[in-house]
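Each structure below is given as structure tokens.
Look for chain A in each of the two complexes below; its partner is chain B in the first and chain C in the second.
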Partner chain A sequence: MNTALPAINLYAVMPQIVLVSAATVVLIIGLFERFRKGIPYLSLLLLAVAGVFALNQLGRGPIAFSDTSPMMVMDDFSLVATLVFIAGAVLTVLISISYVEARSIDRGEYYALLIYAVSGMSMMAASTDLFTFFLGLEVLSISLYVLIGFEQRDAGSNEGALKYFLLGAFASGFILYGMALLYGASGSTEYEAIARTLGEERSDAVNLLLLGGLGLLLVGIGFKISMVPFHAWTPDVYQGAPTPVAAFLSTGSKAAAFVVLIRLLGSVFPGLQMEWIPLISVLAVLTIGVGNIVALVQTNLKRLLAYSSIAHAGYMLLPLMAVSPDSQDGSASIVFYLIVYTAMNLGAFGVLAVLAARGIPCATLDDLAGLGSRRPLVAAVMAVVMFSLAGIPPTAGFMAKFYLFSALVYGGYVELAVIGLLFSGVSLYYYLRVVVCMYMRPAAEVPAEPAGRLSYSGMTALCLSALAILAVGVFPSELLQLAERAVMTLP
Partner chain B sequence: MTELPYLSLIIWLPVLGAVLLLFVKGDTAARWVGFGVSALVLVLFAVCFGAFKAHLGEPQFVERMPWIESLGVSYHIGADGISILLAGITALMWPLALLGTWTIVSERVRAYQVFMLLMETTLMGVFFSLDLFLFFLFWEGMLIPMYFLIGIWGYENSARAALKFFLFAVFGSLLMLAAVITLAFLHHQAHDVLTFEIAALYQLSIPPEVQFWLALAFIAAFAVKVPMVPFHTWLPDAIVLAVVLVKMAAYGFIRLTLPLFPDALTELAPLMCAVAAAGIVYGALIALAQSDIRRMIAYSTISHAGFVVLGVFALNQHGIQGAVVHIVSLALSTGGLFLAAMMLVQRRNTWDMEAYGGLWHTIPVFSAFLLVFTLASVGLPGLSSFVGEFLILVGVFQRNILIAAVAATGIILAAVYMLRMYRKVVFGPVTKEENRGIRDLSFRETAVLACMTLFIIWIGVYPNPFLRTMEASVQKLLVQTHRLAESPPAGMTQVSIEPMPADPNGPGDPVAPGDPAAPGDPAAPDGLTGPNGPAGPDATPDTSQDTR
Partner chain C sequence: MIPVTYYLVLSAVLFLVGATGVLIRRNAIIVLMGIELMLNGANLSFVAFARQFGMADGHIYVFLVITVAAAEVAIGLALVILLFRNRGTVNIDEVRSLRW
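Take a look at the complex of A and B:
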């Protein structure tokens, strides 16, 4: 018998292997009741291990999974993305601890699923083949379906899970169908092969297949990043999901889809630029517009944040157009924005999660009245996050917006930059309403609230994200360089 | 001079103070920290001002460090004659304002001091930035402390006012941000270097039609904050900070709009002048109809801001110098007026003019100070506003007689509404019983107002030190502004040879600006000796030190 193993390099998928093993370990240990309290800390530890590993590999050049059929690659881009996902997961775990305890859903599976989701995201980021992309996507999606519905006794949580599941299944269907078309056109599922087909002379039929394939992929990915018109699920799901899960959903899963989008549009489909640039620009402007305008009238905080996250997805779509072979500014600015956005949104949802864990009402804007004097530290974090989301210096949000819109202007899209900037002016209204409620409205009619400290772990996460936002806002150089280096290895 | 980074210290010291405040317990301690830090900034500034060489016209005390290299941004600060004057009035006003509102602000004192200090930082940053990105950062960052100051310590409807102000301001700034990015991009295209250096951007030659749009974007940002009609509607609700904003926005006009977009100005300047003149009259007319002191001051500020803009867009030496002097004097006169009014309202709790009357009999010291500020706002010769308004009108007169004439009516109207207010509040018999037992100014309040009065008189009587400080810088700016403009009479030479109209009101004679060797200009640069004597008989040692 001669079963020669294909020449593969397992080392190239080490980050994913570490993450999957970590999740499995957490899952198994979570079965033992007596270790229940320790599970989150074990998760943090294992996530940190994965993070250290990824950090260690940074800058060592790309390593392909296999020379003959690449499938996955460990390059700076995927490593930086993985690091962002891990950081997001760490913060999510920190804000989860008190929340899931308060809701009596503190089971080991919760943290295991979270880490599985991260491994899926990391797979998506590293994929150089449609198969591995889909694999990662499904690992992520299935974990999220369960996580969203984790509060079994809560109707909203169930509703959200079902909605996300149904629409997610459709999105997966679209993506699969698109993949089939691309395979039909190029005879391969590898990104490189598809890119090669695009570079050659091709018949009209092949062209149609490629276009159709790309279009269907965009629909599926558009669902994940809640791009208009595929955004309708977002507010309901965010509102229903356990708050830390909503935080994770709005940052991690969105970031993962964006990472794939950068790789696909930047390296695989530049040949179809003439076709997708107008499409994306229209959709991006629509996304920004709908997100920002509908957010203006929201009174529920989670829905407000949901629409704000739709708007931010729109901003991040814009520089995709500026991605060209001779300038990496566009993709670098998206990576930078994603990092900052992760910190901001986790901070915002984190505040809600930490308050909710203590039983302090924080569902609507009115609930926040007087928070500035009731809970000064949390309110300060929220204010920082809101100013950052609105893009006011000296916060990271400003730097991110500045870099993003610069890339757009340098790419020659001044009009789009102006539209984006004006809408970000609109967004100030609803972000500031939160600040107004916290600081400028007396907490007269607020019922006596539960006393006691907020959870230390949650506050650690909040302070970390607020400090990160301010630090990056003042000294963005290092992070900018990281983002630039991440996209440097992209073909 | 030692090599201390003075400007950085001036900029960042208040931030340190704000951090320190987080660890301070108790209102009084917080007040002292806030006042102490801002006083320290004033001392530092005084040292800096003493070493400033006015004849150079170049930015001095320059500090430069790479900051965000991949974006071409550097931490580059320096002060020229214009910025040092505006920074100076800020440094002076801050301890005075904190001292003046010592007891007026009685809620959340610590947070108030923190935000005031943060605002001082951003203001100084705006004045000293030599990098456009840095400028924008401070410019936009200022909104945060300002927003809280208006929203928390403002008067009725303040939360709404804060939001309104913020939205107005941000829309303007965002347009400017787009223009800033475009400028850097154009520079990159032309020279293959990504930079936000203001001096480098000055050298760009931009196609006129592009300039037009960029200039409009910048003007939008500044016009909102000046505030120019029709972007003024936030002001009456948020008057507290109006004076500060006028300063910043006018500086933005002078530093950026003029030299960056010379071609666009040939089209835009007349328009801006016309709008400014309309604003002067509009603000004055509305002020005439107010019975609420605060709203009257607000509208008078709109009117005065019109003068400043008018002076800037006269695009000549007199106009710009006048504008800068007027900004400084506005800070003193309107700031003083408002501070005095706040002191009064603290005692009686109403802004309605009709509620007062006969104060001269009950609180003479207060009434005397109010008189000074009122007359200064009216533009009485010998007080600060006169110098600014006169220079501005001289500048505009060379451009357009009609607009100058319209603007001049603003001064007349100012006399009407200001004196009407004064008459209602101070003169006549005491009609309301509540006004009888009213306390006169305390020592602290007297000291604050006296200090401002001193400067008002000094600038009014002997403005030369101030004019000379910025003269070279303004000239340099004008050379820059007129480099491409086609109209020859607007050149730099015109400034020094043009005939000066005789000024019948001797003391305020601004002959000096065009000619450093004019008679009446003492050889010694020390403005404290000689002519200043009669102006400030009660000049205490510490105030004279501050101004050097």
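Take a look at the complex of A and C:
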């Protein structure tokens, strides 16, 4: 037996090392009561350091963790994904500051867990082995279980955390069993080895293991991206979780799962395309349909956003089918959509978090009546975000949908693009209803509204996301190039 | 020597018993036990395959999974305790204040 240690290149996992160290520093300093006020700013600083590092590495070509068994790789794809996660976390920290203070849950662990979650997501994006993917997923999930239940005395937060925990752990079980089957089929959990097994002649038994393994993996990842029929937890968890955590959950953790899905379906399992394309197309259409139709009857804003996020997951599943070895347009359009979606959803949940932090009621649609005159700036941000989610030009949401559906059409899936566009038209109703509520409905009997300025940090985050949405909507080419460059390194 | 198929069948049975437990039992702690059974079913397949291939990586994965499962259970039990303190029940059917 060969006992020599393989040569490893620690530099390849530097983004993850920086993030984990940042989280640990925040965790330790958060223990000291007197630094409590500074913790969020320290977190922002450390996230910025990690972001600058990742930005610096862009375009330097892939660096593998080890030549013999790669496990993790630092390529443009993982770096762009990491940058998106970090940007999402920065916005989440900004909208959290006033919210957690108002709820008196402003403890250091909150920010530490947020950064640990980002490190888990970054690990998932960089993984080239099912096992590192699984570990990243668990680092992410375990941090999220705690974050969702962070309002210990709040029954809703409690319930949301338990639901997400039980279903998340259930999904992990599926992923792990699927991994065991794939390991049995190919003798390794590396993506490359699995792709190699798929390329060879294989016996019926091996074929069965591969199919079963892929199926179980898809069930597990389906839970994480809230794909129908595994979406039932989404509205309950988003409603129960602290609002900034719901924002993070709906963007970051979903984006991380999609990034893995692009790698898995795009470069590991093209050999089984005949089997998974029909399955994914049916599930994607169902996801879009259920998300959009149930969102029509929602009056609770967080639940409305939850169903809207289910629908958006459905849109993002569609171009996976258009991905083939000679065209990465589908993957590029998903990466672009993910970036835009992160800005949009953080903006939408951010509005709710910033209002809730000042005690302004914003749970239901009726609470928003007259917001346009009461809080013009926040209402304007919400309007931009809603237009963008609905896909109306000149917002980024329009560009994202445009690239996504055109990739689908070029891939030869015109019917799917038509179905997606039709449901996207349906979604106009509930997005615009929010805008109508804010501007057209008079604030009937507004209860004595708590006076006072909304928090500066929260408003900064909101303005940043609204500006980003408008800027990308008008000048999309830079960001599109970034997305295209990211997927170019994929095999 | 016992053929590897036997282990695989046993691991599939463990996984299914665990999954069924999660789906039909309503006590949060028993659901948690079902999840543990599922993870251990997967572990057994990892070990069985590793033995068949004569490679050590499957065994190492099992250690990692045991660690992850321990972390998960620690969080899970803490959540169940919080739930019991707030509501006085661990029955997940009674925990349904969030509905549309």
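Criterion: the second predicted complex is superposed on the first by the 486 of 491 C-alpha atoms of A that agree within 3 Å, B and C clash if a C-alpha of one lies under 4 Å from a C-alpha of the other, contacts with A are read in each partner's own complex, and residues count from 1 in each chain.
To be clear about the criterion, contacts are C-beta pairs under 8 Å (C-beta built on N, C-alpha and C of every residue); 3 or more make two chains touch, one makes a residue touch a chain.
What you see is a predicted model; the values in this text were computed from it and never measured.
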With the two structures laid over each other on chain A, which partner does A:Gly59 touch: chain B (first), chain C (second), both, or neither?
-> neither
Which of chain B and chain C A:Tyr410 touches, first, second, both or neither = first
Thinking of the overlay built on chain A, is A:Val436 touched by chain B (first), by chain C (second), by both, or by neither?
-> first
First, second, both or neither for A:Asn300, with chain B first and chain C second = second
Considering only the touch criterion stated at the top, classify A:Gly359 as touching first (chain B), second (chain C), both, or neither.
-> neither
When both complexes are superposed, which of chain B and chain C contacts more residues belonging to chain A?
-> C
Tell me which partner A:Pro476 touches in the superposition: chain B (first), chain C (second), both or neither.
-> first
Who does A:Pro278 touch here: chain B (first), chain C (second), both, or neither?
-> neither
For A:Pro229, select first, second, both or neither according to whether it touches chain B, chain C, the two together, or no partner.
-> neither
Based on the superposed arrangement, let me know which partner A:Glu484 touches: chain B (first), chain C (second), both, or neither?
-> first
Same chain A residues contacting chain B and chain C, which ones?
-> none
Can you name the residues of chain A that touch chain C in the complex?
-> 131, 134-135, 138, 142, 145-146, 149, 152-153, 155-156, 158-163, 165-166, 169-170, 172-174, 176-177, 179-181, 183-184, 187-189, 235-236, 239-240, 294, 297-298, 300, 303
Okay, in this complex, where on chain B does chain A touch?
-> 67-71, 136-138, 140-141, 143-144, 147-148, 151-152, 158-159, 162-163, 166-167, 170-171, 174-175, 177-178, 181-182, 184-185, 188
Give every residue of chain C touching chain A within the complex, in rising order.
-> 8, 11, 15, 18-19, 22, 28, 31-32, 35, 38-39, 41-43, 45-46, 49, 52-53, 55, 57-58, 61, 64-65, 68, 71-72, 75-76, 79-80, 82-83, 86-87, 92, 95-100
In the complex, the residues of chain A that touch chain B are 387, 392-394, 398, 402-403, 405-406, 409-410, 414, 417-418, 421-422, 424-425, 428-429, 432-433, 435-436, 439-441, 476-477, 480-481, 484
